[in-house]
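Each of the two complexes below includes subunit A, the first together with subunit B, the second together with subunit C.
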Partner chain A sequence: MTMPMMHPKRKNPVLRTQQMNLPPGARGRVALGITTAAAEGRFELQTCADCGAVQYPPRETCHKCLSPRLNWREQGGEGLLLGSTTLHHSNDLFFRERLPWQLGLVHLDAGPTVMVHLHGEVGAAPARVRVGARLDRAGQAVLIGFPNEGSAHMADDKMLREMTSDPKFRKVLVTDGKTEVGQAIVRALVKAGADIVWVGHAEPWKKMGGLDDISALPQVTLVPLDLTNGRSVTELAGAIGGKVDIVINNAEVHRNFGIASRRGTDVAKAEMDINYFGLLRLAQEFGPALKGRSADGATNATAWVNLLSIYALSNFPPHGTFSASKAAAHSLAQCLRAEMRPAGIRVINLFPGPIDDEWNQQMPPPKLAPATLASAIVKALRDGVEDIYPGDVAEEWLERWRDNPKVLERELAHGGG
Partner chain B sequence: MTPTTNSELMSTAAILGGLVQALASNRIRVIDLTQTLTPEFPQIALPPEMGQCWPFRIEEVSKYDERGPSWYWNNFSCGEHTGTHFDAPIHWISGRNLANNSVDTIPVQHFVAPACVIDCTSEASANPDYLLTIADIERHEANHGRIPKGAWALMRTDWSKRHDPEAYQNFDETGQHTPGPGTEAVRFLVEQREVLGFGSEAIGTDAGQGYHLRPPYPCHYYMHGAGRYGLQCLTNLDLLPPTGAVLICPPLKIEKGSGSPLRVLALVGQDT
Partner chain C sequence: MARQRLSYAGVAVAVPVTVPYVRYSTHSAHWFIGHAIDALVKASGVGKDQIDGLCLSSFSLAPDTAVGVTQHMGLSPRWLDHVPTGGASGVMCLRRAARAVQSGDADVVACVAADTNHIDSFRQTLGSFSNFARDATYPYGSGGPNSIFAFITANYMRSFGAKREDFGRIAVDQRSNALKNPNAMFKKPLTLDEYMAARPISDPIHLFDCVMPCAGAEAFLVMSQERARELGLPHAVIRGAIERHNAYSEDPVMVRGGWRVDRDDLYAQAGVRSADIDFVQTYDDYPVIAMMQFEDLGFCEKGEGPAFVRSHSLTCDGSFPSNTSGGQLSAGQAGAAGGFLGMTETLRQLTDTAGSRAVAHAHLGLVAGFGMVTYDRCLCTGAVILGRPA
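Coming up: the complex of A and B.
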């Protein structure tokens, strides 16, 4: 049983804020295969196409037959815990600050024996466990030994919380509360146990439904925030930046135009101004504050979530300028990720397909319900993943894009959504 | 214009000299009727699928720092109809074929002109949708004299004292609720009084519900159709006398510009 995490005490203001020392982050190019799968929530190992051997650690060739034909395959992770040990000493700064720390050796049913971080609910060896891959604070894949059947509070495990960004007891900024998506995100965060949800709203004179309902929630505080206005972002960062643990940037402008269907560039600029420059303004103002608090106690600053679009991967011509703005935002989010990773802050990118909102009125279903998108965000925070493609459309597009981006480009040019 | 006998007797040098002296001694005061351009000041809101007027936005270029060690300056962006601004006849479809209908071609003499202030404060405070009537104009004239040809007609509502943008915009689910002129009052001012233009304190010269009048947006339609101008987002109208003030309001000289943000100043004599 994991003891449910208690609400942390207030921070002692006379003590030096703990600084982040990342766990060892160096990985070779081949080993990054585990990381890329873990970034999407999967545990994958190399499997030999010739002899079928599954291997760990990753190598250039098969350790059994020396074949170079290795494929990454998803693993169930079932295995037998052979032995465990509890570290009471480490020369590595990250672990030294988090002792004691449990490690185990697991013989996977698939073949290899792997070293894992052990969840506190796993009993003494020998025991059946399930191994999963997670990203650690350095953004690198590590293997974790989970109990076969976890308790209700297993997410509160101290080791696991280091690998994830659970919103429980955390303080979150949602940048736009005026949309259905924003309001669904706020509700999901409150349900997930967030302590405070700051909800941005621009142009307060434009009344949108639903804002009053969420502002009635005791955890919610409305804050003026207009991502097109640098001063508004600066002022909010000054007011709450030092307390925000998770930023969820869901503000976006979405119009349905290609190049020829709308004269001028004003709509495209409005899209870029929020979708791209808005992210830039937000990152410049909130990024440094988050980085400074990434090891600050049990509710440290931990994650940054961007609402992108599956159209960021390949342009959807009927929504061509929107696609371009999301591609720009995706590129900038990669830059943000590179700048936040050394501080141990995770950048999570969402690539949804069409959302069921007023700007997709004329899109046929399936469309992603705002509440589904919101649950996907909370799940991504809890699972500690980096990239998510919520919904059937997004998954299908991703598959086609991975298969052959050029073919997808052609299909989309012919209206094949 | 036919000069009065008095001014014929005075040389123009004496007039200007007297003006300068009166300004220096504060016998003629300069009142600022302009809202400050800030990113927080609201802009006109149209349905989101339409083209939108940009709000005022400002970004530092440098501030005595690594981006420019000894100087401070900003870049800003806005629309022609952002903040306190001037509407030229070309702004509306009814004025699109008139001569000299854009801000760069309007005769500059029109940028210095007398103003009459029609007080509708109590009506507007009782009813945010208040529409100026011919009776209001006639009441004003009964007390303060006929509105002269070529003067600005300014509708004072004290709406500019609503400093909270939400109260200033005053939207509900049926749209915006701000005072403005009724159709008949506009036609009276254009046709019977030949005013230079109409000025208001709210976001537009037309009322918030002006789209539902006949024709839609009558002030824009008739004023600009007759080559007259508009001023909106004015403030400090409560500091002006009902008659006798002189407005100085030159818009930026934008090629084929439909309007422009501007500084609106009023000269007000001690004895007016």
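Coming up: the complex of A and C.
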């Protein structure tokens, strides 16, 4: 049983905030295949296309038949724990600061033997376990041995909390509370045990539907935030930047125009001003604050979430300028991820398909319900993934894009959304 | 019919040299190699320019290899090898050097293992030890081989009923051997109570199950027996030698080593049985591995290791003299020189220069090697039986 995590004590303001020491992040190129899958929440291992052997650690060649035709295949992860150890000494600062630390050696039913970080609820060897892949604080994939049946509090495991960004007891900024999506996110965070949810609203004088409902929640505080206004962002960062553990940037402008359907650049500029420059302004003000608190106790600063769009991968011409602004935001989010990684802050990008909101009225179903999107965000934080494609449409586009981006471009040009 | 293996007859192994170990050094590995070769020259009367073969083992030479060392030391050998098998490099350097001498490719081969140890070098070595270590073990707690051998030890204990006390007997007896070795890093006796009470490192591995990384060198010369006699050098001869890499890879966790594959070959080469061996130098990076070697080299059956150590004393004057120098557990582990420690000690036993550590009536010694935890086990195993010249 994992002891339920207690609400952390108030921080002593006199104490120096601990600096982040990342776990070892070096990996060979071929080993990054595990990271690629773990970033989307899957555990994959190399499987030989010729003889079927599953192998680990990753290699350039099949260790059974020498074939170079190695595919990454999702694994169930079932296996037998052969031995475990509690580490009382480490040569690395990250682990030294977190000793004792549990490790295990697992013989996977699929064949290989793997070394894992061991969840505290796994019993003594021999024991059946389930191995999964997670991204560690360095942003690299590591394997974790989970109990076959975990308790209600298994997410509170000290090791697991290092790999994930669970909102429980954390303080979150949601940049736009006036939309249905924003309000659904706020409700989901409160349900997940967030301590404080600051909710941005650009035009405080306007009474928007739903805002009253969420602002009645004791965890919620409305804050003025206009992402088009640099000063507004700076002021809010000055007020709460040093306390925020998770930033969720859901503010967006979405209009349904291509190039020919609207003369001039005013709409495209408005989209870019929020979707791209808004992210840039926010990242410049809140990024350094998060980085400075990434090792700050049990409720350290941990994650940054961007609401992008599946249209960021390939332009959807009926929403052409919106697609372009989301592609720009995606590119900037990659830059943000690279800059946040050395501090151990995870950048999570969401690529939803059409959301069931006013701007997708003309889109045929299936459309993503705001509540579904919100729970996908909470799940991503809890699972510690980097990229999520919530909804059937997003998943299908992703599959087609991975199969052949050029074919998808042609299909979208012909309205084949 | 299998082709007959050429015997190692006519090869002499001589001039065991130890460059005393220090915990840390500001010098590079070259300093220790230089001292080792100088000691070989002085002790043998073989001029530096007459050393025409060099076989080297070291982890801390980078970016140099044995090649750079020739220029560094002003050597011009006509035969050169760099053996990267760490704890198995003593056996493997000897095998290669012996064949070079037999074929005439070299007359006098200096086998040298040396490493330095800077304050931070152990940590840096661990993180870049192998591709698999970088990708699949170092990110898991960065405990180095301690955690791997914790799994192996835990699994062995569970499978065969070994107790920590059984491993303790190995550590305690080896410590008493070390007290007679002026080169050993540990100078104080170790009791079983102290062993049991030591702090956990990566349980069931505790402090006295671990070797102490240090800086130092071990070396010896390989030449023809004819040459050794001309030089008046006391020497040992090679009765048999084996090596194996990546054995039993299908075992999900290590319970046996490659020695088991080749041991019949080893004893057949020597024309002896395991019972004829007078003393054994196992590779003792962890006591569980020493115990596995007792089993896999045929001194007892698999799983009988715990009973074997309970019924034997491993001291120099005991019923089963083992790691008579103190082994790495008590003498220290000077990197790759740890793979040479059993070899130089065996040469001393067989040339009557082991002082108070001398094993009575020592005629046949077995030296085993074990090296290179690239992922979840050591990959290289080797063993050699050395004897007194006829």
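We adopt the following convention: the second predicted complex is superposed on the first by the 415 of 417 C-alpha atoms of A that agree within 3 Å, B and C clash if a C-alpha of one lies under 4 Å from a C-alpha of the other, contacts with A are read in each partner's own complex, and residues count from 1 in each chain.
In this section, a residue touches a chain if its C-beta (ideal position, glycine included) is under 8 Å from a C-beta of that chain, and two chains touch if they have at least 3 such contacts.
What you see is a predicted model; the values in this text were computed from it and never measured.
Asks: In the superposed model built on subunit A, check whether subunit B and subunit C fit or clash.
Replies: fit
Asks: Tell me the contact category for A:92 with respect to subunit B and subunit C: first, second, both or neither.
Replies: Only subunit C is touched by A:92; subunit B is not.
Asks: Examine A:27 and indicate which partner it touches, taking first as subunit B and second as subunit C; both and neither are also allowed.
Replies: Touch partner of A:27: subunit C, not subunit B.
Asks: Could you look at A:101 and tell me whether it touches subunit B, subunit C, both or neither (first, second, both, neither)?
Replies: After superposing on A, A:101 lies in contact with subunit C but is clear of subunit B.
Asks: For A:322 in the superposed arrangement: first (subunit B), second (subunit C), both or neither?
Replies: Once the two structures are laid over each other on A, A:322 reaches no partner at all.
Asks: Under the stated touch criterion, which partner chain does A:203 make contact with: subunit B (first), subunit C (second), both, or neither?
Replies: A:203: touches subunit B, not subunit C.
Asks: Contact-wise, after the overlay, does A:389 reach subunit B, subunit C, both or neither (first, second, both, neither)?
Replies: Touch status of A:389: no partner.
Asks: Quick one: name whichever of subunit B and subunit C touches more residues of subunit A.
Replies: C
Asks: Would you sort A:57 into first (subunit B), second (subunit C), both or neither based on which partner it touches?
Replies: So A:57 only meets subunit C here.
Asks: Quick check on the superposed model: minimum Cα to Cα separation from subunit B to subunit C, whole Å please.
Replies: 39
Asks: Subunit C touches which residues of subunit A in the complex?
Replies: Against subunit C, the touching part of subunit A is residues 23-28, 31, 56-58, 63, 82-92, 94-95, 101, 103-105, 107, 113-117, 125-126, 136, 138, 140, 142.
Asks: Going by the contact rule set out above, which residues of subunit C touch subunit A in the complex?
Replies: That would be residues 122-123, 126-128, 131-132, 134-144, 146-148, 150-155, 158, 199-205, 249, 252-253, 375-376 of subunit C.
Asks: Sort out for me which residues of subunit A touch subunit B in the complex.
Replies: Of all residues in subunit A, those touching subunit B are 203-207, 226, 228-232, 255, 264, 266-267, 270.
Asks: Which stretch or stretches of subunit B touch subunit A in the complex?
Replies: Going through subunit B, the ones touching subunit A are 39-40, 42, 45, 49, 51-52, 55, 57-59, 165-166, 168-173.
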